[in-house]
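In the two complexes below, chain A is the common chain; its partner is chain B in one and chain C in the other.
Moving on, here comes the complex of A and B:
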């Protein structure tokens, strides 16, 4: 197990390195001189040259990359071009808002999705199963930004059950502000996870070991909940791990619609202003988040499935 | 002495399918006495698995019990409630399934699975575990206490099948159903498993219903044999009688085709030409007619009944009648 974890960690670092390097090069391939955009059309050439030097943009690209990694290893993501604040501070100030949103979304969508899928699989081809299927498919088909806007309109504006914008102060207020955005980006996941669990459950329920468990008179509830579900949720764990990437992108919509602070909003704002250090910093943290979550999913899988520990 | 434990009485089982009813079992009658080992032989698709799942009532949802009874200790299992069936499964009737590689739950330790199947016992967890370890020792798993902490994939196929046998015998059942327990294993392991079964049978005095298509194993292990073909019993009787004096052409061909019986080197192994009839659309008359080289006119029109030829020897073939009348 420890060996598995070490190898998985090394792989994560490699993935992170490649992803960040590609990102670094891509952002510099975006057309338009960042210095001109930042300073506007009336800036003097001296001013432009000064900023170019400050950003290190006069250096060859490989040297820029080396400097970037050198700083990164010291925990320095650079400084915000406009405010002069440390990018590390800015990113880590925004990170908790995105994390709580994503975590809340996964928590409710996975719980409901697994329950719905397992229930449907335990009663295949019944009315319940068909209703669950209809619900799941319509959930999957609902894009996060549409759900976000509708939820805002219905629950915040008309019914006024939940606050419309911001992230709130203090635990309960923040939780209150989380409900609508988490609902919006988690909804399609409920359907997706339910479909996945149902298919996976039906497959496992047909396997010989389930028949063995039944042939020993083990209670049906235990057969479904322990003998089958523990195997059936393995693919769900992987999908949720990879799904962090999608959730990060849907979080951008939710953060814009609900005017929430967060990484997504930070990335969008800094891209429009060509604020390179901030873009790089927030993308780096998002990538790290994604890499960590897939690694975590693999580790959880290895904990749940003894075969996975030795297979890799 | 010959107290009846399991009686299968004129059992007819269909599967409802899109093409109409598949007549998987037709008029099956035989019994298993206390402490007796009965073998069931037949090709794949002859209804062996349907029979076993019917006894345990672990059948697919499209199964229909049309006629007949399955009596276990005088109780009709087809009329029993789901609750009563669950009480029988894994306590009075146990089963060892065919494929040892798939039979255990892959994500739970062997110890956990052996604990779970003792769900009826009021013993403490420690006592249950030591009982499990004792059973593993009895089937020849070395170092059973440590092995209880391992997962199925850490055992070889032969070991997993021995674990399955240990699990099935743990409740000291009256009837052990063994569904081709050695088919997935190689020949050396097969002998080991069979010897182990014999020893355990002597120790626990349970009856065994042993399903196999390996005649050598049946001859070695069983007291009586039931030969099935296309969902019906074609012949049944004492092992010695069936092997030395088969009264149905199908049984004769099965014995001829058994590699263990072939004395001369042959380039091509003998087979029974033809195919098993379509169970959804059965022809009239004898079901083995199309593949039988001794078929007569009568075989095409009338179904031969399973007649008693002598004490304990039954066969369903018109040839035996021809002998009797001529």
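Moving on, here comes the complex of A and C:
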């Protein structure tokens, strides 16, 4: 297990290293002088020279990369071009809002999806099974930002049940502000998870350890809940881990639609103002988040199901 | 050729027999028809402004109302479908071709090359799609080509990984061993023998990938980072509708429903295709 964890961790680090380097080189490879783009055509030469030196752009590229990694290892992601604040501070100030939204979305959709899927698998070909199947297929198709816009139109603007803008203050107000965006992000996951759990549940129910449990005379309810479901939710763990990228992407849109603070809003705002250090910092943090969550999903999988350890 | 045509016919018949597949086929058919004949279908010029009749609700003259510049929403929805397919089709086919080639090389070539290509795939996959798209748009500026490039780059790993797995399972099969023992070149083995066995699976993936691509294009255009105005796109309809959501809510509906419909159609079609072409795939997804 420890061996597997070390190897998985090393692979994640390697991927992250390549990804960050690629991103760094991409920014440097852009035609045109980044300083000129950032400051606009009317900047004085003195100002341009000052920013060039501040960003370290007068150094050779390999040295820039070394400096960048040196700073990164000290937790320094650079400085905001306009406000002069540390990018690390800015990003970590916005990150909790995004994490809160992603967590809320996955919590409600996974709970509902696992319940639906397990029930459908325990009672195959009943009405509820059919309804669940129809719901899964149709909701899988709905892109989060379209759902977010329609939800905004119907529930916030028209019916005025929920607030349309911001993240709120205090626990209940924040929860109130989370409902619509979390609904929009989670909707397509409910059906997806339900289908996944149903399929893997049906498979697990036929396996020998479940048969053995039944043969020992353990109550059917306990067999389903403890012996089958424990294995059957494994794919959900993997899918959520791998789906972190999708979740982050959906969160970007949900934050824009509902004018919520967060990583997504930060990236869009800094792109429109060409604030490259902030763009770089937020993309880097979200990539790291994604890589770590994929690795974690693999580790949890290996912990719960020893067979997965040898698969890599 | 005769044989492959009848195989294609069989696949279409198989899809049409499945109710969901038939529905997908019809929806996709309608969308493609509207995109091809958009010029003759639209009642108004989709980019012509008419300030006198701006922000009008749905009526018989304007089925889906007009926007803040007096442009006819229905015409923009139809023309937007054309843009959606113009982005989705080249991007998906490009990604499929590149992914297929790299995947086959990874699966058939030496181990070090395989490791290198897998690292490449894993690296691309490690960027959250939209974040990657935003970073690229920030660097090279928004345009239709940028969207196509981003979509291609982000979906190459999916095709590559599947092509690799398929190649690996095939490389030790008897007919490939026989061909190799007769001294066939690598390009002949890959092109003549492997390709026909892999392409079906990838085509299914492509059909299921198109909705993601359409949603990404619409999403970027919604953020103002996709196709440039005044080009009509479902995403830019949503953008206009969002900024004036109290005055012109029909724009949100007009831009949102086609995206959901297109996504549904291609998903149904893709799933039904998958069941017909290769039922074994069902487990993998």
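Just so we're on the same page, the second predicted complex is superposed on the first by the 287 of 312 C-alpha atoms of A that agree within 3 Å, B and C clash if a C-alpha of one lies under 4 Å from a C-alpha of the other, contacts with A are read in each partner's own complex, and residues count from 1 in each chain.
Note that in this section a residue touches a chain if its C-beta (ideal position, glycine included) is under 8 Å from a C-beta of that chain, and two chains touch if they have at least 3 such contacts.
Just so we're clear, the structure is a prediction, and the values are computed from it rather than from any experiment.
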Quick check on the superposition: with chain A as the shared anchor, is it clash or fit for chain B versus chain C? fit
Going by the contact rule set out at the top, does A:212 touch chain B (first), chain C (second), both, or neither? first
Touch test for A:153: chain B only (first), chain C only (second), both, or neither? second
Determine, under the contact definition given at the top, whether A:231 touches first (chain B), second (chain C), both, or neither. first
Check whether A:304 is in contact with chain B, with chain C, with both or with neither, and answer first, second, both or neither. first
Which one hits more chain A residues, chain B or chain C? C
For the superposed arrangement, tell me the lowest C-alpha distance between chain B and chain C in Å. 18
Please name which positions on chain A make contact with chain B in the complex. 207-209, 211-219, 222, 226-227, 230-231, 304-307, 310
Residue ranges of chain C touching chain A (in the complex, touch as defined): 20, 119, 122-123, 125-132, 134-140, 211, 215, 218-219, 222-223, 225, 238, 241-242, 245-246, 249, 252-253, 256, 259-260, 263-264, 267-268, 271, 283
Spell out the part of chain A that touches chain C in their complex, as residue ranges. 11, 14-16, 18-19, 22-23, 26-27, 30, 137-138, 140-143, 145-146, 149-150, 152-153, 157-158, 199, 244-246, 248-249, 252-253, 256-257, 264, 267-268, 271, 274, 276, 279-280, 282-283, 286-287, 290-291, 294
Which of the residues in chain B end up touching chain A in this complex? 56, 58, 86-91, 94-95, 97, 99, 102-108, 116-117, 119-120, 151, 153-154, 164, 167
